[in-house]
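Two complexes, one shared chain (chain A), two partners (chain B, chain C).
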Partner chain A sequence: MHISEGVLSPAVLGGGIVLTAIGTGIGLRKADYSRLTTAAVLSSVFFVGSLVRVPLGPGSVHLILNGLLGLFLGWAVFPSLLVALLLQAILFSYGGVAVLGVNVFDMAFPALVCHYLFRGFFGVAGVRRMFGAFCSGALSVAGAALCTALALGFTDEGFWTSAKILFLAHIPVMAAEGCVTALIIAFIAKNRPELLRFGGGSAKGDSS
Partner chain B sequence: MIAECQGRKFSLFRTADPRTLLAAAAAASFCFSFVQSLGASASCLAFALILAAMGGISAPLLLKRLAAVNIFVLFIWLTIPFAMPGERIDVLGPLRWSADGIRLAMVTTIKCNAILLSFLALVSGIPLPLVGCALDRLRVPAKLVFLFLFTFRYVHVVGEEWQRLQTAAKLRGFVPSNSLHTYRTIGNMFGLTFVNAIDRSRRIYEAMLLRGFDGSFHTVTEVKSTPADKRFAPLFFAALVFLFLLDVYLR
Partner chain C sequence: MKRHLFAVASFAAFLAFSERCLAHKVNVFAFVDGDAIQIECAFSRSQKVRNGKLVVTDLETGETIFEGTTDEQGLFRFRPPDEFLAAGHGLNIRLYAGEGHQDDWKISPEELRALSRTARPAAEPRRVSTASGKTRVPPLAAIDVDELEAAIGRVVDEKLAPVKQALARQRDDEPGLRDIVGGIGWILGLLGLGTYMKYRRSGTP
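On to the complex of A and B.
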């Protein structure tokens, strides 16, 4: 999912940085320190999730889990993914500093949209909840793949084919991610249903 | 899982001010991203190689990182030379390669590796707590620094927890395969990690409140710039300006 450094044009990089800065600013302003502790621990979960490989077809994929983070964190998903990707950049050199803005926006923005679209689906047990969970997981990855593809496409017309291939290659990942997210939510619903109350008012309720 | 060796046997940057190193790495990333001509990007790579030599990165680590980043580069080489519109040339067999596409792929490859090398040389040797401290001194919002330091702190804890669950699953004969059972097991394991993480975050916050946490971190380590930093920084930024001007000239 990460775009490497040195690929994108300065205009796209700049756009990514500005959008991520806005999202991070709003995320930080909305979050108090108790919420930030949750965000930090969930960033660590995201980081660990990205190292977990799930078998899929002949190969395997790693979990992205941006949808799950988005559901629980709302706007705080921006700063949360920013620090997780910064840590990955420093520890594993995935991506880098200049491209960090684009990579964070690609993953955080679809997750935020899914948060607002589906947060009302989790109040009662049933098919609706599982549907919401599957869609949050799958659409967050779809959105992330789409944003990444667009970032490539807007850089140079020669990248359009690569962008299309990148998006198509993520379709199985979307399905896998949707299933895993639904199963994680099913586990949480069975054991700690009170954590799933992000519907209705702000998502703040689950942190206090 | 995350036992990445950050230490270096020999690095000229070991005693440098982490603020200078972070600012230098960021400036280098941006400068190299702007470069478009083949000549200037090759010069950037040469500059980055000098930095890597100064940073004393061990060869196995370097090769591992370069291999990871070049997977994306390989993907670019497999698509762009064929997909790019424009004049075609015969290079090899029946395939018609686009001259512009090859140029773009080459520049991208060189830039990508140059930025990786300079980043590895400058930043990846700094201990992460010191990175947090330097970010704080560079006036990054306090809440973001808090988030960064806490994420780093709990990555290990969450990672260990996940590995414990994985060991437990293995001991019960769990072998991942393409089945609903695998997905359900992974979902349950991750769900447990997730729930434990949220519970843990509440305990941490309560514990911090009890110890009088008021939203600010007090670091014991002082970051100081040394005379060597004061010599290094102007030279480094002059080199970047030179590379930028070279690119403008060659474009």
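On to the complex of A and C.
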């Protein structure tokens, strides 16, 4: 879902940069520096996650994991994703530097929304927690597809065509992502339950 | 039943669209090959761009001079019109692979000159009629310079073809271990910086 350089109009690029700058500013201001390490680890996970291909039928999908980052980091998902996507743009030539604002916003905003929607689900162990984790993972990907389609809405391709294709292609990714997020949450709940204390309270981390 | 239909439909959609949507980047690579320009388009080494839209424009005027679509192997071959070649401009090849994927490749006027030279129809070796009515091929020294250039051009193209393909493949490479480790190193460096700032602000060692 990395939009390439040169596809979007300057207005959309500028909008993306402004929104990402606002998100990053809030993320850094609300930063809880005691969760800095969590943010750095999750940034690294996102950075590498998109290289891990999961075979599915004759094709393969790769993980996005923006839902997982949003769940743990809240607003700090913006600076975390900014760092990870900037490094992907520079080192892997994925996306680009000019389009970075749009790409960060596309991934971070749905993850932030899911954070506020589902953070109350993690207080007690059980099906509710797993449901919250699955939905965070799956809906963050769906939201990212929707935001990407919105950004592409101003190009020749148009919103509806982009949205339809992106959404349909990401249905298996949503399922895979939901399962992986649920598995990771289950693992953390068992081994490091203190990390899941973002249910209803302030769950902030930060990447520098 | 409805659920099964939905599953089948989404799986079919995934197969149809995943190639372009889930790709990280797209590459276009083009080179002069004999009397035409060969274009190769790929998302990665194993994923070629099928039915990608190609628009070729004049590098100086921005005018569109050619449009086409890649085949199943992500390949496209075309020869720019002679009027364009005569102008001596370079060209830009833009690939639209859909869903926000796009890439450009430029070919300089210097590179295109090789193309215009090989474009000339290779002349048949001149045959000289003799008094007895038989024809004979003239000796090597009498061969036209243009013919010689065309022949050498063809041989060099043949020899260079694998090198050009290797270059094209190199562009499609996935990130290497060095890039991945380097990126994680950067994140750890930023973590260190953040921790330093935190302790400096709080005044604790």
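Quick notes on this structure:
The rule we apply is simple: the second predicted complex is superposed on the first by the 190 of 208 C-alpha atoms of A that agree within 3 Å, B and C clash if a C-alpha of one lies under 4 Å from a C-alpha of the other, contacts with A are read in each partner's own complex, and residues count from 1 in each chain.
The rule is short, and it goes like this: a residue touches a chain if its C-beta (ideal position, glycine included) is under 8 Å from a C-beta of that chain, and two chains touch if they have at least 3 such contacts.
The structure presented is a predicted model; accordingly, all values stated were derived computationally and were not measured.
When both complexes are overlaid on chain A, chain B and chain C end up clashing with each other. Once the two complexes are laid over each other on the shared chain, residue contacts for A:L87 go to chain B and to chain C alike.
By the touch criterion defined above, A:I171 reaches chain C but does not reach chain B.
Looking at the shared chain after the overlay, A:L195 reaches chain B, while chain C stays out of its contact range.
Of the two partner chains placed by superposition, only chain C is touched by A:V61; chain B is not.
Looking at the shared chain after the overlay, A:S162 reaches both chain B and chain C. Applying the stated contact rule after C-alpha superposition, one finds that A:F187 touches chain B and leaves chain C untouched.
More chain A residues lie in contact with B than with the other chain of the pair chain B and chain C. Taking the listed stretches 20-28, 74-82, 110-118 or 146-154 of chain C in turn, the superposition on chain A shows a clash with chain B for 20-28 alone.
Overlaid on A, the two complexes show chain B and chain C touching the same residues of chain A, namely 2-8, 33, 36-37, 40, 43-44, 47-48, 51, 56-57, 83-84, 87, 91-94, 157, 162, 165-166, 206-207.
Chain B meets chain A in the complex at residues 1-2, 4, 6, 25-26, 29-30, 32-34, 65, 68-69, 72-73, 75-76, 79-80, 82-85, 98, 100-101, 104, 108, 110-116, 119-120, 123-124, 128, 131, 141, 143-144, 146-148, 150-155, 157-159, 162, 176-178, 182-184, 186-188, 190-195, 197-198, 200-202, 204-205, 208, 213, 215. Touching chain A in their complex are the following residues of chain C: 10-11, 13-22, 24-26, 98-104, 174-175, 179-180, 182-184, 186-188, 190-191, 193-195, 197-198. Those residues of chain A whose C-beta lies close enough to touch chain B in the complex are 2-8, 10, 13, 24, 28, 31, 33-34, 36-45, 47-49, 51-52, 54-57, 60, 63, 65, 68, 72, 79-80, 82-84, 86-87, 89-94, 96-99, 156-162, 165-166, 176, 179-180, 182-188, 191-192, 195, 206-207. By the touch criterion stated above, chain A contacts chain C in their complex at residues 1-8, 33, 36-37, 40, 43-44, 47-48, 50-51, 56-59, 61-62, 83-84, 87-88, 91-95, 148, 151-152, 155, 157, 162, 165-166, 168-173, 206-208.
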